[in-house]
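Think of it as A, B, C, D and E in the order they're written, each chain with its own count starting at 1.
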Amino acid sequence: MTDKPLKSHVRPPQDTMPGGAGQGCPAPDAQTRSIWRRIMDDFADHCRARSLFVLHYCTGCGAIELPPTITSRFDMERVGITPMVTPRQADILLITGYLSLKTLKRVILSYEQMQGPKYVLGFGSCTINGGMYWNSYATMKRLDQYIPTDLFIAGCMPRPEAVQQVLLKLIEDIDAGRANAWQDYYRNYDFYLGNQQRLFGAGWNTPTDVIGEARHYGYYGPGTEGEHTRLLAEGGGSAARLAHAEYPSTALTGRIKS
Amino acid sequence: MRLLADIVLMPLIAFITGLFLVLMYRRVRAKIERRVGPPFFQPVYDIVKLFAKKTQISHGVMHDLSIVLLLGGYITAEIFLPVPGFKGLAEEGDLLTLIYIMMVPMLGLALGVGSCANPNGSIGISRALTAMLAYDVPLAVAIIGATMTYGTTNLVEIVRIQQEGGMATWGIATMPLLAIGGYLAVHGMFGKEPFEIYIAPAEIATGPMVEMSGKYMGALFIMQCFQLYTIGVLYVTLFLGGGENWPLFLIKVAAVVFISVAVTNVYGRYRTDKVVRWMWKWPTGIALLGLALVMAK
Amino acid sequence: MSDIAPKYKGSMLRPLKALSFLFREPATLPMRPRPAAKVYRGFHLNDWEKCVGCATCQQICDNDAIRMVHIPALPSDPAKGIRPRRPAIDYGRCCWCALCVDICPTGSLSMSREYIHVSRDVDSYFILPDEEGMHGVRYPQGWAKDENADLLDLKRQEMPEEPPQERADNFSEICEGYDPQTAMLEASRCIQCGMCHDACPAHMHAPEYIRAIFEGDFEKSVAEIYRTNPFPQVCGRVCTHRCETACSIGKRGEPVAIRWLKRAAVDNVPQDRTIAIALKDKAKTKTGKRVAIAGAGPAGLTAAFDLAKLGHEVTVYEEKPRPGGMMRYGIPEYRLPYERIDADIAVIEAAGVKIRCNTKLGRDVTMAQLKGQADAVLLSTGLNKGRSTRIPGSDHPQVRAAVDLLARITLGEAFDIPASAVVIGGGNVAFDIARSLARLQRRAFGKVEVTVLALEERDKMLADEEEVIESAQEGVKLINGRGPKQVVIEGDALKGLETVKCLSIFDEQGRFHPRYDETDVMFHPAQMVIEAIGQMSDVSFLGEDLTEQLEWSRGRIRIDEAGRTSVPWLWAAGDLVKGPDVISAIATGHAAAASIHAALMGETEAREAK
Amino acid sequence: MTTPQVPDPATLAPSEEYDLYFGPNHPGIEGNYSVRVRLKGDVICQAVADGGYLHRGFEKIMEDRLWVQNIALVPRICVPDPVPMEESYARAVEMIGGLEVPLRAQWIRVLMLELSRICAHLFTFGGNAATIGLYTNMFWGVTMRDLFLDIFEEITGARIYHIYITPGGVRRDLPEGVLERIEALLVELEERMPQFEDLFFNNAVVIDRATGTGRMSAEEALAWGVTGPNLRATGVASDVRRDDPYLVYPQVDFDIVTETGGDALARMMVRKGEVVQAVKIVRQAIAALRKVGGPVRCELPNPLAWDLPAGDAYARTESSKGELGFYIVSNGGPRPYRVHVRGASSMHAVQVLEKLLVGSRIEDVAQIMFSLDACPPEVDR
Amino acid sequence: MSIPARLNEVLNELPAIQARPAGARRVRVDVAPQGLPALLELLKGRLGFIHLSAISCVDWIEDGQFELVYHVWSHEMKLLVSCHVRIAREPGVYVSVHDIHEPAGFFERDIHEMFGVHFDGAPSMEKFILTSWEGPPPMRKDFNTRKHVEETFEWVDYRPDWLKDIERKGGGIES
């Protein structure tokens, strides 16, 4: 917690997440694409919506309702949802409730290792405004400050049917091309990084080169770099990236592929 | 020209059949687990989704090359398989060529995983190679027995012999012990429980696949389709009389795969050393016995 | 490991039995939400009709998930304990424990069986629950409280009382008061919602002094009481306790015995400590200002106490031989023993207030004299004359005013105790005189013949419920729904009272305008008829000049909010301006004192500024 | 765009040692937990448990809440088996405050505890099977458990976090007809048990994998502080329900299930036996509840003004994982002065696990952890 | 409720020990800090108190003391003895009983990171749970978690439509 930047982090104005109930998050370039691209994208979205791999990571207590959701009684494979083992293979990151700060680091790491399009679902009160553990020194309070979150679901913890509904809603959003919150991580990386640094100190760093990826994939926005990302460079840039050993996850890292 | 068409069509048919086999695998599994299972197009959705990923992590040239080897190996293998209505290169190649080609993907995978620097992947691939060593012994015995029985290594010839003689000349009738031993080896080749040591999610986090993402993962999914199909066809060719016509042929292939994917659901996985010992004990023993019978004839 | 023979062998074939599930029905449920269980703890429901905005849910909430939202459109009624606010729930905090439901004093909160809310809009997780459900779809009710789940204690601690046979012929105090232990138990029932504070005319800090009692700190409790009320002994016994009417616990159960707790607080602190506590914030310096107060009732003495504490020199003029006003001369001793009034007044006197008794305004001292002696004058002479029904025969000498008789009883002045009497009126004063008379009758004749004739029906009585019950125990008869017609006089002797049935009391505008069924006549034989239908003031002492100077409004002196009259040096307080009851009198006393102080000090400042 | 500095096992000589992080994001880990293992080949030569991923600071935030408010917090300490948490907290408070729990409430609590034990064990069967690739059993086990969760929902209004047991009793009486439905469910469980036997407990592959895995002797187990089913699997018949009985357990007839193997298999078998015993206890509770009436909670003061007398108490409960302890200190105030939770897994999820892993192989890590039934949230608290 | 004779006998052998029954199968023993290892040793050796159920730490900040409570259980006697020791809050150092009861290692490590009590001779005093925590030991009474949270995190400022509507009409959230 040393020398944390204590500035209040207001999301930059070039916000790509208009929010609003049911509005989802349409891609910014939705109207400018060619017809052929649109057909292709619609087809891809159609398949994406029907094949979702959930990262097998029990981050918090809500994970206890995942086995029922996945298994026979509520069988989510009916809509193509299966658990997957590593962040590399997964599409959905379920944040099943509270995140201790120690876990939050791993979650951010796992999230960065996932390949876009990727989706984050926040379970229950704890991910929205601190929930049950609002006065605990050990847990984070608002998930969407640290990683872009597609949907929240009310409950403590949400029961399998509720999990089912959030997944169905996500499918609907993907199908309609509205679930693009993940691009916001690239476009407003400075915002997210700033909040992360506030918790983990200015020396916080991850093995993934988010700015480089943003440039490469064309998600670079005015909010990608800022005062917080400068701290990354000051810390020695990529050389200061944390060794995997300190923040283990099943997946390691690799290079950007065109 | 005909060859060119075959080269395109045979892998395509293999792929489509493979998709059905994957669907069957997942549906069977779901049934035994007391649930409904995935929708009809699930295998397609999965593959398209993976190829439509917008970001992609690579681990270097070897990683990319491995995918080429992986898919290339199987696509080549498909062309060497004797299937009804297509000639491909089945006439030119033979059983041994096919076996060799079928090893290529695994080696390709090993190559790719090696460049990922993930210990889980490395352990997985070493396990996969160990498993290969284990099931290759009974498989080799079975193949030797089969070639001795049929007197040829030419796959087209093997199929022709069985089809001309009717069901009584099918490998499963003429050399039942070899067929059993061979089937156990094939089950090992599928990599299903109790021999599913190199994926083992709970142990090494899916082993070789741990660093695979997006298109690479998609390639592995396609490989799974080819794998089920290829191994199924190989067994059908050796022991079940090959394909007289497409419907019958597909039924046979599906039956071979079905038994394997059904049985896998009721066992856990053995340890690596136990797999080797078991493979070298039971299937190999049975196959050797079968071989002895064949030689005695 | 191999040294132990394996106990279990296992089979390769038996697991294959599981393959039979290939041909069985799956256990999978249809892909739609199931209806939740009958007691499911889903989203909150709130019955806005029942909810009073007491915020108890907010207090019990583990997670600080409940916020009270002020909604101007809702009715607000402090006297009934209703606030225009409702709980809003933050589903970014809620843990669905339903403790808020279990504690809700009104029972308005419950939980529905609705449990799905999916959105990426964080704002949609903050909701104001009503009966409509989270998405405007009514779901059946889930978790609601039952007897076992209720976290509140709806029964108050029993007040030990003298049994009727022991108290019926004497004037000793009926209620014995809580002992400290019982008081603490009773105090523990309080949920600190503060409705009592809002309802109290004097805005007493009831939650604070109850909390102090719960903590066993009676001295702190007394200190809290003295912030707003210098008559704890009196109010602890005879207050009209509007606080208890407003009490949230009273919505479903018996309200917290706030009045008895006040009594318990002062009863359990010695008098010298009480004085020390009450005078802790007394000003060290004198202001040199003098204030004269006419009438040593609760309003006058309250103002006197406040002003004396602020450093003014205060003199109170009282017509009767002892100070206390209606508290002493209007309330029977069995309800409020005289030494209790003395105790409260002793504290006030200790603050430096001078009380001159037997000094009747207009007779012994004039208004002009007062004005000459003091910088400000406060009138708090109260309502000292009984109202008359003015029915035929009401001018007979055996038709008496209740206040008059009660004062005589206190003064010990003899009067002929009638063997039978009827009391006209249904308020507390009617019962006071009826029960006093009953005691005297029992002492004199060994039997009781007192009848109370109330205009109201039994369930709408103005008097306190315990008055009605206790008087019945003591032999007082009560007849409801009767209005007086005439006093029956034969010759000079009063024979009794004729009454008619009362059909309705108020007209459409809500004004007092009773309608009678003149055909339904009843005769009540009695030797004495007592009128207890209200009091009025006698302000003849003002003198003509002053009466003309003053502005009047409906027979009362017109005053501003703080009690100042149109004459700059004159204030008025107590029953003269509001009430009649003790706590309102105290409230007006405070207001007048504050106003007088501000005026006096303002003058000083203005002078200093020059 | 750099790759991290991690030794690549493929480039190391086979004799060299390397570290492998097992978890927290790993399907072979129960919950959110991590074990760093040092491997030589695929044999573990050192294991270091790394917890705290589920740390919420319960003990601290409980000091910040009223006695009654804490009932909402306690079940969250151990998610798979929440009822013993509620019971322990309530009992410790009752011990300090001298509260008498009505007889009916005691029986209801026994019913809840044993149903929760069945749930937890069914869940563990499933997890245990999944670690060795027998996913079918996991699906069956979780599905069976879900039917019990329906019963919980019916009684308490929630599937997992029941918040039902409160100091002095339980929050509300059982709903109409629930006893019959429990009975029917027990019958169904008994019908299913042979299927589990066929698939899992008699499966040669499973037995091959579990025999000798993570073995400890009775002496070791006692010295290491192992409790519960894990201790009983080494042959020590120790059970808090018998040794330090609470509620109406002295009146309950049940056997303490023991095994002698001390390995993963024995632990599994003990749990199987305990499910059978739990069914027996639930039946007795149902019979008793049909006879015993009366209130289900003693009189409690207003929760907003409840000062528990000063004192301390240590309540022990037999949870599905072992001995669960709640040490509560009251300084006479409205909130606990100190709550210390001895998670039932604190021993076998950390020290014991570290010891058992040494010398075993990488493929057995998950199995050992699941067979010990380690519950990370109650270790991290 | 009384203390079993066998236990009394053993307790009498040690100086400066106060014991009293504390409920069914519970005995509370207060012992001076230097006497605890001997007490545990004796209980373990003579009466079979081999199971260390837990070590609890209580921060009596007003007394400037930490209270350590060792809960030991005897499978033979079916009795739980809670041994209470009070040590000075500063510097907060005590001895490890790991050599007598192996489970002590876990609890001592836990108390070390939660309260900052150092145990001499413990096998590990490394952090286990709070590996990335740099603040004071959080279970100490002088660490205010609510204050810490308010300083470190921000809450959602909800602005739903219904609230805006009410605010327009002059209402709003009451503090």
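By definition in this document, a contact is a pair of C-beta atoms (placed from the backbone, for glycine too) under 8 Å apart; a residue touches a chain by one contact, two chains touch by 3 or more.
Not measured: the values here are computed from a predicted model.
Under the contact definition stated at the top, the chains bordering both chain A and chain E are C, D.
Using the contact threshold fixed earlier, the set of chains in contact with both chain A and chain C is B, D, E.
Path length between chain D and chain E in the chain contact graph, taken as the least number of steps between touching chains: 1.
Between the interfaces B-D and C-D, more contacting C-beta pairs are found at C-D. Using CA-based centroids throughout, the chain positioned farthest away from chain B is C. Farthest from chain A in terms of Cα centroid separation is C.
Chain centres defined as mean CA positions place D nearest to the mean of all protein CA atoms.
Per-chain CA centroids place chain B at a distance of 59 Å from chain E. Here the CA centre of chain A is 37 Å from the CA centre of chain B. Computed from the mean C-alpha positions, the centre of chain C lies at a distance of 49 Å from the centre of chain E. Per-chain CA centroids place chain A at a distance of 32 Å from chain D.
Among the residues of chain E, those touching two or more other chains are numbered 130-131, 138, 143, 145-146, 156.
Residue positions 56, 71-73, 75, 78-79, 85-86, 102, 128-130, 132, 134-138, 156, 159, 250, 252-256 of chain A each touch two or more of the other chains. Each of the following residues of chain D touches two or more other chains: 3-4, 6, 26-27, 52, 55, 57, 60-61, 64, 72-73, 136, 139-140, 143, 161, 199, 203, 205-206, 208, 380. Pairwise, the chains that make contact are A-B, A-C, A-D, A-E, B-C, B-D, C-D, C-E, D-E. Taken together, the chain C residues at the contact with chain D in this complex read 1-2, 4, 6-12, 14-15, 17-18, 27, 36-41, 56, 59-60, 62, 95-99, 102-103, 111, 142-143, 146, 148-149, 151-153, 185, 187-192, 211, 214. Of all residues in chain E, those touching chain D in their complex are 22-23, 25-26, 50-54, 56-59, 69, 71, 73, 75, 78, 80, 82, 101-103, 105-107, 114, 128-131, 138-139, 143, 145-146. Residues of chain E touching chain A in their complex: 130-135, 138, 143, 145-146, 148-149, 152-156. Chain C meets chain A in the complex at residues 26-29, 31-34, 43, 62-65, 90-96, 115-122, 124-125. By the touch criterion stated above, chain D contacts chain C in their complex at residues 65-66, 68-69, 71-73, 136, 143, 150, 153-158, 161, 163, 169-173, 175, 195, 198-199, 201-208, 211-212, 215, 259-261, 263, 265, 269, 295-297, 299-306.
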